[in-house]
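Across the two complexes that follow, chain A remains constant while its partner is chain B and subsequently chain C.
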Partner chain A sequence: MNSKSTLKRRDARKGAAFSSIYVIYSVIFWGYPFVWLFVLAFSKWKYFGSPKFNGIYNFLKLFNDPVFWKSFLNIMNFMLYFIPLVLVGSLLFAMGMKRLKYGKTFVGLAFLLANISSGVAYSIMFSKMFSENGPLNQMLDKLFGVRIPWFTNPQWALFSIVIIVVWKFVGYYGLIIYSGLNSIPKEVYEAAKIDGATRWEQFRFITLPLLNPSIVMILVFSITLSFGIFTEPYMITGGGPLRSTLTPMMLMYTTAFQKMDPAYSATMSILVALMSFGIIWLTRKIVERDVSLT
Partner chain B sequence: MKSKINSFIIHFVMIFLALVWVYPYFWLFISSVKPSDQIYNNFIPTKFTLEHYQFIFNSADKMDRPFIRAFFNSIFVSFTVTFLVVITSALVSYALAKLEFKGRKKIIDFIIFQMVFPAFMFTIPMYILIRNLNLVDTYTALIVPSMISGWGIFMMQQSFKTTPNDFIEAAKLDGAGDLWIIFRIMLPLNKSAVSIVSLFTFIGIWDNFMWPLIVIRNYNKMPLSVLLASFNTQYGAYVGPILAGSVIQTLPMLIIFIAFRKYYLEGISITLK
Partner chain C sequence: MKNKFLVLFIIILTTISFSKTKIVFWTAPNPNQEAFWKEMVSRYNSQNGDMEIEWSTIPAAGSSEEAILTAVASGRAPDVCTNIFSGFSAQLSEIGALYEMSSLPGFGDLVKNRKMENIMKSWEYDGKSYIIPLYSNSVLMWWRKDILKELGWDNPPRTYSDIYKLSEQISTKDSDKFSIRVIQGRNWNDRWFDYITYFYAAGQGESYVDLDRYRANISGTTGKEVAKFIETMFKNKWTAVDLGDAAFYKGYIVGSLKGPWEIAYAKNQFPDVYNNIVLSPAPVPDNYPADKPVYTFADSKGLVIFETSKHKKEAWEFVKWIFNQKDFDSMWLEYTQMPPAREDLLENPLFENFFKENPYAAEYAKFVKYAIPPAQTTKTVDIQDEMTVSLIEPMMYGTKTSDDAIKDAAKKINKLLW
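And now, the complex of A and B:
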C-alpha cells in the first residue's frame, strides 16, 4: 500500500518534469510573442526604444487603409475562384478514383507529388512555364492563335495563382474526399437502387450528405490556406500588377520588414485572423450538417 | 457493354490527368538539362547538358550565392528540427499518455487551444523575440522556434494512448527506466505516428520560406529555399541555373515522400478523425 502510493507520487513527479519541457517552451516561444502581439497592436513602435501606447489608433488607421482592404478583397476574389474549383475538382477526382480498377496507385501518387512540391521551386517552375513566351503560350499560340497574359494582366495574375494552387492541392483534398467515399457502406446505394433512385438522386441524397464532414474539412483547410498565401505572389508577381495579387500576408511582410512598421503589421495580423475565423465560422454555420447513418 | 466503355473512358481520363499533373515536374527536369537557348524553344533538345548544374555548383559561389552550402544548411536545419521534434514529442507524449499527474488534462486542452491560432499571428512577435535574444542570422533562429511542436505532441500522444500498459509494466519489472521505455518501447511500437510526425516536420521545415527569409540575411547561412529565391530575383536572366536550383530544392522532398508515402496517406486519414 505504502509503496504503491510512493510509486504514484513518483509518477506524478516524472509526469510534471517531462511535460514541463513543453510548458516552459510554450511560455517563452508562445506566451512571450503572444503578449508582444497585443502590446504592439496598441502602440507605436519602429523597432527602437520602447513601445508607446497609442490606444486604438492602429485599428482606426487600418479601417481607413485602402491598401489593406484591397488585399482583403484580393483574398476574397481568390477564394471566389479557388474554393469552387478545388471543391468540384477534388469531388470529381475522388469519384474518378473510386471507379478506377487499374492504376489507382499511379494516379494517386501523381496528384500527391504536386502536393509536396516546394513552394519556392514550384513558383519558379510555373512562372517560367506561364511566362509571356513560355511553353504554354507557345502551344496556345500554335493551336488557337492566342497568348494569355498569365501574370501581367491583373485578373489573370490572380487567376493564374489560383490555377497553380489548385494544381498543388486538388489531389490532397481529393484523397480526403476519397476516404470519405470509402466509408459509405455499399448497402445504402443498393437499397436506394431498389427504391428506384437515379444516379443523380443517389449522389444528391446519399453521397453529398454523407460526405459533409469531409467537405467541411476541405472548406476550412482552403479558407485557412487562402489567408496564408505568401510564397506564390512574393516569388511570381511581387503583389502586382496593380496590387491585384497583394495578399494580406504580403502586405504584413512588407509593412513589417520594408516599411519598418511592425506595430501596424501586428495589428493587421490580428484583424486578418479575426476575419478568417469569421469566414470559417460562417461557412461551418451554412454548410455543416449533423449526419449519421443510424 | 456500356459500362465497359464508361470504365475505359474514366481510366483514360484519369491517367491522362495524372500525366498532366506530373508534366510540370517533367518539364522542369528536362529544361534543367537543356542548353540555355533551347529551354523555351525545343521540346526535345538536340543535346543534353549539365552546364546549369555546374554553374550552380561552381560559378554561383562567386556571385555570392553558395548553393552547396545552402543545400547543406537546409539538410542540417531540417534534420535537426525533425530530430528534436521527435525526441521532445516522445518525452511529453509519454507523460501525457501514460503518467498520472496534476494538470495533465489542462496541458492537453492548452495544446488544442494553441493550434487554433494561425501561425502568421506569431511571425512578427517571434521575430522580435529572436531579435531581442540577438539570434538574427544564426542557425538557432531557424531551429529553436520549431523544435517543439504542439501538433507533434498531440499526434504522438493519441498514438501512445493505444499502446497497452502491459508492455510498460513488463519493462519496469525488468528494471527499465523511463527513458529506456520511451525510446526502446514506445517509439518502435508507435512507428507510424513517429513517421508521420517526422515526415510532415521535415517537409515543412525544408520548404519553409517566410521565416528564414525574415531572420537570415547572411548568404552563407541561408537555407536553399531562400537562397534560390534571392538568386531568382537578382539573376533572373540565368533561367537554366534557376531551374537546376529548383530541381535540387525539390528532389529531397520527392525522395522522402516516395520513401514514406505509406505514412503520408495514413497522415491524411488520421487528420479526418
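And now, the complex of A and C:
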C-alpha cells in the first residue's frame, strides 16, 4: 500500500515537472503580458517612467474614437466578403481534392504553399500585380477595355485585400474540410442513393450537416484571422483609401509605436479581443450543431 | 584565509580600475552606414584606451522607432543612437528620454565648426537641442529631360501654371500618360514628400503648424494655393491616384519629387534614363519671385544621447570626437551619398571632388540650407495622418473641394494640437 502511494506521488511529481515547463512558459509569455495589458489599459504611460493610474479615461476615449470604430466596421465589412468566399472556395477545393485520382499530395501542398508564404513578399507581389498599369489591368484593358481600381477605390481596395487573404487560406481551410469529408462513411451516401436522393440532396442533407464541425472550425478561424489582419493592408494600402482598409491591428500598431501611446493601444486590444470573442460565441451559438452518426 | 581574501580584493580592484567605460552605440541598419560606422568606431577604439564603444545596428523590428521604444521601455536603451527623425526626437524629448545637449560644454563650438547654426534652429524642441542632425536629404523635382525636349520645353516647369500647361500638352497627346506624380502615397510619412514639400516651397519655408498657438497653419494663402494645385491636377485627370511601378522611368510621368537616395537606384536600374534627368526645386505658385530661393523639405536624421545612459559625459565626449574628425563628413558622403547636415557643402573644399563627380548630388547639396525638417511636434504622425485622410484623399477622390478639405483638416489638426 505504502509503495503504491509512493509510486503515485513520484508519478505526480514527474507529471508536475513536465507540465511545469509549459506553466512557466505561460506565466512568462502569456500571464505577465496579460496582467501588464490590464495595468496599461487603466494607466497613462509612454514607455518611460512608471505608469500613472488614470481610471477609465482610455476606455472613454476609445468609445468616442471614430477612427477605432471605423477600423471595427472595416473588419465587419471584410468578414462580409471573406467568410462566404473562403468557405465556398475551400469547400470547392476539398470536393475537388476528393475527386482527384492522382497527385492529391501535390495539389494539397501547392495550395498550402500560399499559406506558408511570407506575408511581406506576397503583399509586394500583389501590389505590383494589381497596380494601375500592372499585368492584370493591362490584360483586362486589352480584353475588355476596362481597368479596375484594385487598391485605389475604397470598396475595391478592401475586396482586393479579401482576394489576397482568401488565396492564402483557401488551401489550409480546404484541407480541414477535406479531412471532414473523409470522415463521412461511404455507407451513408450509398443508403441515400438507394432511397433515391439526388446529388444535391446528398450534399444538402448529408455532406453539409456532417461537415458542421469543420465549418464551425473554419468560421472560428476566419473570425480570429479577420480581427488579426495586419500585413496585407499595412504593406499594400497603408489603411487607405479613406481609411477603408484600416484594421484594428494596424491602428494598435501605429498608436503604440508611432503615436507613442501604448496604454491606449492596450485598451484597444482588450476591446477588440472582447468583440472577437463575442462574435465567435454568437457564431457558434447560431451555427454549431451536435453531429453524430450513431 | 586572510591571504586569499587579500588576493581576491586586489583582483577585483585591478579589474575595476583597468576596466574600460563601455558606451553602447546604435546606428541605422543600412549597409552603407554600417560600413561607415564600423570604420569610425574602430578608429575611436584604437585611439581611446579608457573608453570602448560597443557598436551595433538598431535591433531588427518593424521599424527603428519600434526597436528604440521597446529598448526604452525595458531599460535597455543605448547610450548614443543615430537614425532618429525630428518628430521622433520631439516625442522622446517630451517624455524626458533624451539628454539635453545644448547646455553641454563644447556644444556651441561643435555647431559652429560644423557650419550648422541655422540648421540647428529648426531642430530645437522647446528652445533646446536634444539631437544633432547627421544628414539632410533635400527633396527635389526630377524631370525627364528627353520627354520635356520632345514637348518643346528647354527648362523644366517652374510654376503651377507651367505644370498645368505641360499637363494639357501630355493629356491631349496620350490620355494614359501624365505630367507629374502629385501625391506619393497614403502613408503618413508620404506627406513629407508631397504636401509638406509643396507647402515649404510655396511659403518660403513657412511651417504648416503654428507651434506657438497650437494651430494648423494650412488655412492661409500658402495652404490654399497648394491645395488648389493638388485639386486642379486631380480634377483635370492630369495625374492619377495610382501611377504604377517605376512610372517615371517607364515614361508614364515626366516629373516627380524625389530624394537623393534615388540617384544610385536610377544609375543602376535605369542607366539610359539616368542620363536624361534634370533636377529642379518643387513647383511654386505663379506669383513666386523667380530670383528667390525655393525652400524644400529635409528628410534628415540625427544622433541623440539617452537620458538613461550611465555615462552621459563620456557619451558626449564620444559625440564631440566624432564631429571633430576632419574627414567625418567627407567620409560620410563617400560612404552613404547623403549630404551631411551642414551649410557649407558647396563652398568647403573637402567635398569639392565628390560633387564634381556627382552632379546630381551637387544639385541636392545646393538646397541643404533651404531644406527644413518636419515641424518639431510630438503629434507628427497624427497630424500627417489627418492631412492624408481629411485633406489629400478628399481632393484625390473628388469628394470635397479644396476649401472644404482645408477647413475640415485644419479643424481636426487643431483638435489634435490642443
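The criterion applied here is as follows: the second predicted complex is superposed on the first by the 265 of 294 C-alpha atoms of A that agree within 3 Å, B and C clash if a C-alpha of one lies under 4 Å from a C-alpha of the other, contacts with A are read in each partner's own complex, and residues count from 1 in each chain.
Here is the rule we go by: a contact is a pair of C-beta atoms (placed from the backbone, for glycine too) under 8 Å apart; a residue touches a chain by one contact, two chains touch by 3 or more.
The structure presented is a predicted model; accordingly, all values stated were derived computationally and were not measured.
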Aligned on chain A, chain B and chain C: do they clash or fit? clash
Considering only the touch criterion stated at the top, classify A:257 as touching first (chain B), second (chain C), both, or neither. both
Classify the contacts of A:19 with the two partner chains as first (chain B alone), second (chain C alone), both, or neither. first
Which one hits more chain A residues, chain B or chain C? B
Output check: A:87 vs chain B and chain C. Expected answer is one of first, second, both, neither. What do you get? neither
Contacts for A:275 in the overlay, against chain B (first) and chain C (second): which applies, first, second, both or neither? neither
Quick one: classify A:128 as touching chain B (first), chain C (second), both or neither. both
So, A:152: does it touch chain B (first), chain C (second), both, or neither? second
Touching A:227 in the superposition: chain B (first), chain C (second), both, neither? first
Look at A:46 in the shared chain and tell me whether it touches chain B only, chain C only, both, or neither; answer first, second, both or neither. second
With chain B in view, single out which of the stretches 39-47, 57-65, 273-281 or 399-407 of chain C clashes with it after superposition. 57-65
On chain A, the residue positions that both chain B and chain C contact, one per complex: 47, 128, 133-134, 253, 257, 262
Complex interface listing, chain B residues touching chain A: 7, 10-11, 13-15, 17-19, 21-22, 24-25, 27-28, 31, 39-40, 43, 88, 91-92, 94-96, 99-104, 107, 110-111, 114, 117-129, 131, 144-145, 147-148, 150, 153, 178, 203, 206-207, 209-210, 214, 225-226, 228-229, 232, 239, 242-243, 245-247, 249-250, 253-254, 257-258, 261, 264-265, 268-269, 271-272
Interfacial residue positions of chain C with respect to chain A in the complex: 62-63, 65-66, 69, 72-73, 91, 94-97, 176, 185-188, 240-245, 247, 252, 378-379, 381-382, 385, 388-389, 393-394, 396-397, 399
What part of chain A is in contact with chain C in the complex they form? 46-49, 128, 131-134, 149, 151-152, 237-243, 253-254, 257-260, 262
Residues of chain A touching chain B in their complex? 8, 11-19, 21-23, 25-26, 28-30, 32-37, 40, 47, 96-97, 99-103, 106-114, 116-122, 124-126, 128-129, 133-135, 138, 167, 171-172, 175-176, 179-180, 213-214, 217, 224, 227-228, 230-231, 234-235, 249, 252-253, 256-257, 262, 265-266, 269-270, 272-273, 276
